Amino acid sequence: MNHPALPDMILEPLIRSALMEDLGASGDITTLTVVPPDVTYSAKLNAREDAVVSGMQVAALTFGMIDPSLEVITRVADGQSCSKGDTLMEITGSAASILSGERVALNFAGRLSGVATATAALVRETEGTHARITCTRKTTPGLRIVEKQAVLHGGGYNHRFSLSDAILIKDNHIAAAGGVQAVLEATKARASHMMKVEIEVDRLDQLAEVLEVGGADVVLLDNMTLENLTEAVAMVSGQLITEASGNVTRNTVKAIAETGVDYISSGALTHSYRTIDLGLDF
Amino acid sequence: MNHPALPDMILEPLIRSALMEDLGASGDITTLTVVPPDVTYSAKLNAREDAVVSGMQVAALTFGMIDPSLEVITRVADGQSCSKGDTLMEITGSAASILSGERVALNFAGRLSGVATATAALVRETEGTHARITCTRKTTPGLRIVEKQAVLHGGGYNHRFSLSDAILIKDNHIAAAGGVQAVLEATKARASHMMKVEIEVDRLDQLAEVLEVGGADVVLLDNMTLENLTEAVAMVSGQLITEASGNVTRNTVKAIAETGVDYISSGALTHSYRTIDLGLDF
Amino acid sequence: MNHPALPDMILEPLIRSALMEDLGASGDITTLTVVPPDVTYSAKLNAREDAVVSGMQVAALTFGMIDPSLEVITRVADGQSCSKGDTLMEITGSAASILSGERVALNFAGRLSGVATATAALVRETEGTHARITCTRKTTPGLRIVEKQAVLHGGGYNHRFSLSDAILIKDNHIAAAGGVQAVLEATKARASHMMKVEIEVDRLDQLAEVLEVGGADVVLLDNMTLENLTEAVAMVSGQLITEASGNVTRNTVKAIAETGVDYISSGALTHSYRTIDLGLDF
Amino acid sequence: MNHPALPDMILEPLIRSALMEDLGASGDITTLTVVPPDVTYSAKLNAREDAVVSGMQVAALTFGMIDPSLEVITRVADGQSCSKGDTLMEITGSAASILSGERVALNFAGRLSGVATATAALVRETEGTHARITCTRKTTPGLRIVEKQAVLHGGGYNHRFSLSDAILIKDNHIAAAGGVQAVLEATKARASHMMKVEIEVDRLDQLAEVLEVGGADVVLLDNMTLENLTEAVAMVSGQLITEASGNVTRNTVKAIAETGVDYISSGALTHSYRTIDLGLDF
Amino acid sequence: MNHPALPDMILEPLIRSALMEDLGASGDITTLTVVPPDVTYSAKLNAREDAVVSGMQVAALTFGMIDPSLEVITRVADGQSCSKGDTLMEITGSAASILSGERVALNFAGRLSGVATATAALVRETEGTHARITCTRKTTPGLRIVEKQAVLHGGGYNHRFSLSDAILIKDNHIAAAGGVQAVLEATKARASHMMKVEIEVDRLDQLAEVLEVGGADVVLLDNMTLENLTEAVAMVSGQLITEASGNVTRNTVKAIAETGVDYISSGALTHSYRTIDLGLDF
Amino acid sequence: MNHPALPDMILEPLIRSALMEDLGASGDITTLTVVPPDVTYSAKLNAREDAVVSGMQVAALTFGMIDPSLEVITRVADGQSCSKGDTLMEITGSAASILSGERVALNFAGRLSGVATATAALVRETEGTHARITCTRKTTPGLRIVEKQAVLHGGGYNHRFSLSDAILIKDNHIAAAGGVQAVLEATKARASHMMKVEIEVDRLDQLAEVLEVGGADVVLLDNMTLENLTEAVAMVSGQLITEASGNVTRNTVKAIAETGVDYISSGALTHSYRTIDLGLDF
């Protein structure tokens, strides 16, 4: 089973905002000035490079919002791969409408396919291990929902969506609370039973304390050497889910996965992806 | 005179949305669970690499919205350069508030400093020419206002903000309108006198037709060879503003500038920038 | 080619707000109390005086929003003239729905036809000259987009839409910046190449300075005598677009146009128009 | 006791919308380009003609929103009269901020003072009678709250605010419901006891039926001759509140008032007022 | 004639908010994870106890918003009674969509049927008297419009919707204004003729003063004994509408009604109703 | 450590909506008509019965929004107990402002104290066991955040906030997915590691299958007898968190807790609480 599409109503406010930002207060003045309203086009959204595709649901909604009479056919679904030259979507109808929606559709689809493609690259490197690739909260302000979906489309997994979804205790929380024991006791005493608890450690002695105190579900092994990661996985021995972070690139990810960690998280998936080159051809 | 700050009321809705996205429905559950409300911190927003800074007004507003009692002092203003290790901002007050706002502030400031730094790099390459660096509408959906400001902070210039600001006639408009003459006549007949008119050409014979028909203020010379750019500048001879686009990188920009064009536009400034590594240290 | 309609999505938020304002928190209590839901009507939106029509797209959207099952047929399109007694629109369906939407539709259409009619009156007076009639930013708060469209429907031209669209330098800007030369140099140094620059003068010596310094695209000749306007046009001699403002009425506009100015701007088009008398007949 | 000011929170969304409309997506580009941020001004909002003032609370909020550091002193309160040349408000602080807020403040205050002044003119004509002047729902879309306040400032009274405030039965309602008796019985059976009921009649025999059936609180005597109005007042004899409408002008209003009606309503107060000439002097 | 449905556009923002609250930032993750998108269901919304039904329009809109392709058939309309086991609504289509909308639809319909059922119980007790049952402003924040509709569905009447609908003078207003005479004189001098005026009294001597001063339409007899209520009705003798409040329960309401008051208001109808047990069966 | 307050910015939109609902389009017309603006009051928010308090942060924000010049002092914090007659909050300033905000503040505080008090009652019954009381998603549409906070104030625990927070697999999900094994395998394959997984069972053989397949963190034991609950706890033997639901009342909760379950969830805490009687005394 593939990842099902979100209900449109979740995505529509984001797309409406983006269209309003690009249309401006008085609309696409170029098209209104020079394109006769009765000209119709059939346009193809084409890939100009190989990619894993994301943003097709968003692009289809974009064209549908700007003009409900446009006919939109998706040829390559979110989560599928495409090759340079492939047609991802066909849009038929008013030339003015297609031209007015083009940039927003491309701005979304190029970025989201960039996230999916970057994710898929890490996933491919870790094939044969049981490690899963996951994202972080280092997403673009306002685009978290679609970037997180793009990570799924690339074969990755999502980390918590927001600060209210799960507990992730970092060094500054530990310091403010008065140490690992205090922080985990507070969590056990006060956290919801429906809330996962993750705690960040960067040294093996911290990990030992976490294991001794209990109360965590996941441990984030941050910026550890491969040796320490291997040792940490052995110490944990299946009692907790292990997640590695820090210096995760296409070059390093395989070795990290081979230490036996369960998850590898990468902020770069959503903060440093390269926009995929897509174009609309008429 | 530096670029003055925008009125806060223009930026606040964007920041509020980003905070709500990150806080989620029920707030920063980690901090609410483990950080005692009376713990106070003094935190420094530090640069972990050299950069041209943008996003400080946004970051200051972010902390002020999450907790108006936080004291925020900006040490490096938007548009200034910083070196690795420099402190850009100091935030003092409730530890819980600082921790809850940290990620949104960093997500903005890292990206915007990325845009400013990328812009400054192109600007530096073109020093000694009269060419100016400008952005496009290939911005991140929802972030156009702050990314455009970041281009200014990097020493660049803004292109039109939205489809309603200026007329930019591309090949598909020309086709729909029935040719260069038709499209420019339509513009002369119907466009506002307060609206600049730019037309895209990719061949010199098109440029000749544009010059003959008149009615444009700016010509976009798209994907031309350096030879053709030089020839185009000569043909235009100051009658229009010239803008070059296509294949603009740090390696190519100097040669493009030396053809004598007035503006060089780059979509990559806003769609492929690298996030600058910033961190909050307590 | 007529002025094409804006995408509905640009107008819908404005119409939704107006309907919510008029429906109030609990809807049209009169209709809910006394009109049986199964009564259907066929209503005609009729002109009670001669006019140039605007607001038909808005009125059609108004009825469509209050009840998508209403059938709405526009008989006279935005931008066309009508005579007293003409039917502009026919609406068929639930009597309750038509009655609930009537006032908002009329409040819009009467005002916007008022703007279009006032514009057309000035346009008619200036026939035979090359002067164009244009509006200002003295629009009704919240209605700028539809009032500006109504100016187009009346045969006029739009001035800048907002403060972010174009540069218009007035006396207070000049004073704050330190004089005409300083203000134009600042503009040349810092303004986007996609932004028109207009500067206001009310004396011929100021105009001479503007022409000498350069950097402006348009000059606003404010409150000048006909003699000075004529002299100003001669001085400018096609180097700049000329715009006259001040004391523009149906009585004065022809003489102003005959001075040779390119544009004549009138705030009264949007701040002192008379609402056209329209009615809904059942 | 004067009319107290509304809570600011009721007016702020309207003012914010108006400011965002005028600032556009990227702010007051003229001021940002040419006015140094450290220049301060002291500006006076002056009347250029005699008027009854409204819109001062709105104007003060406008300047406060664009820049909370501006000092704003209101010299003539909403509801007071002013003479040509009077200073209504003084604003001191950043020149850039004052210039950026000027147009919105004037667009509101000129219109609202226009409504107040037009209302006051009718009130003055009816002095010595017991008739009160009231407005209708023919208000500018989006501005109803401030236009209704302006009617109060001019010495008039408000009619219902929206369709959900009170019951007003017009001819089409009567037709749809099956006659005067049916419509009033429906009202008696189903309307809230906190809801006033008004019914429109244009003939004396209809009035007789209304009086016989009962159930109304107010009768709207629409487009009646002075003779019929006088007769109607006699027939009603204090059992109902009487309201006259139709052809209400400064010339006719006194005679209408002298028929003895309780209220005289005028749509023109809010749909055909003349904007008062106000200006900001530095 | 039953109570007609409100226009959907009045209810949609409330339902959209409720759905967004329940879907959260990333949607129904359970359904997205485990329910294949091609599974379809036919579900019945069943009553698990006897009730007077309200919330069916709201529930139908809820399912329609989450997925416009769902087929929704209402079997028992708002305002009708149902028995335990009755099917109120049938929903057919995507299982995932039905499951994602289920909780919001039930949260609304159970509460609103609770209000209607509680109202109907008081109405039933007062049959044979002429007293009508009415609600107050003690409604759930955000749900006033649907709770007020539910009171109508239960056979009750609505009191004012908000503070801007009608004048209701309580003891604190009287104290602030300087006594009953002062407060009623202010009202006569300044209130709109379309605004009902109600005044609260808790003693018979206050009632006498109200009757003497005049200016009220309705008198609220608060927390009076049955004897005093009876006496008050006699004193009023049809000059004012009478409304009793305080200690209104199923046990007391009949006796209160038999005192002859016109209206009996109960805050408990909207602040202490019991949610009706409804369920969705597949 | 008590439960810290949420950042105000999370609560403000909800409170603003509630105030706008109650103020209506034109504000508190009673107060505007009869209360002189210069009258000041000192008011006390008093408890008219014993309760556990919630809603004080909300009430303080309510008064602060309607008039920032009001002085508000909270005497009993959210989460503390009060006795009949205790003063919870003191508000000093403009009488008009206090009267305009009173109803919204009371509508929130009475309901939220009702939730807290109902929660505390169940918590008290289960003292001496290790069972914790938790809420469900059967909250009032729009009020989930404050009702969930009120559960914390009463000493309870929160369940998931929305459908996107955690996975809760019910019988219809199991049916749609093809059985317990299929549903849990799908979860293991696709769910985020930061997401808790709960599965509902109502028979012991289902529980056995859940334990065998694995992949769940929490098991919801729905509507089981006390005997079966005891047996279920024994079967689970600490491998999963156990949660009991169904028929949870003050009378039954102790016995349920004594079966050894970890959590007891009650929808009635948020759908059938009684509003606590609070009043504002001047």
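By written order: A, B, C, D, E and F. Residues from 1 in each chain.
Heads up, the rule we're going with is that a residue touches a chain if its C-beta (ideal position, glycine included) is under 8 Å from a C-beta of that chain, and two chains touch if they have at least 3 such contacts.
Note that the coordinates shown come from a computational prediction; the quantities given were computed from them, not determined experimentally.
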{"item": "Partner chains shared by chain A and chain D (touch criterion as defined above)", "value": "B, C, E, F"}
{"item": "Proportion of interface numbers common to chain C and chain D (over half same, under half different)", "value": "same"}
{"item": "Distance from the mean Cα position of chain E to that of chain A, given in whole angstrom", "value": "45"}
{"item": "Distance between chain centroids, defined by C-alpha means - chain A, chain B (Å)", "value": "23"}
{"item": "Euclidean distance of C-alpha centroids - chain C vs chain F, Å", "value": "52"}
{"item": "Sites on chain D at which at least two other chains make contact", "value": "1, 3, 21, 23-27, 35-36, 96, 100, 144, 158, 161-162, 164-166, 168, 186, 190, 195"}
{"item": "Chain E - residues contacting chain A, complex", "value": "16, 19-20, 23-27, 32, 35-37, 65-67, 96-97, 100"}
{"item": "Sites on chain E touched by chain C in the complex", "value": "1, 3-7, 9-10, 144-145, 148, 158, 161-162"}
{"item": "Contact footprint of chain A on chain B as seen in their complex", "value": "14, 17-18, 21-31, 33-36, 39, 41, 95-96, 99-100, 103-104, 106-108, 110-111, 137-144, 161-169, 172-173, 175-177, 183, 186-187, 190-191, 195, 271-272, 274-275, 282"}
{"item": "Contact footprint of chain D on chain E as seen in their complex", "value": "1, 3, 132, 134, 157-161, 164-166, 168, 186, 190, 192-196, 198, 217-218, 241, 243, 262-263"}
{"item": "Chain B-touching residues of chain E, taken from the complex the two chains share", "value": "21, 24-25"}
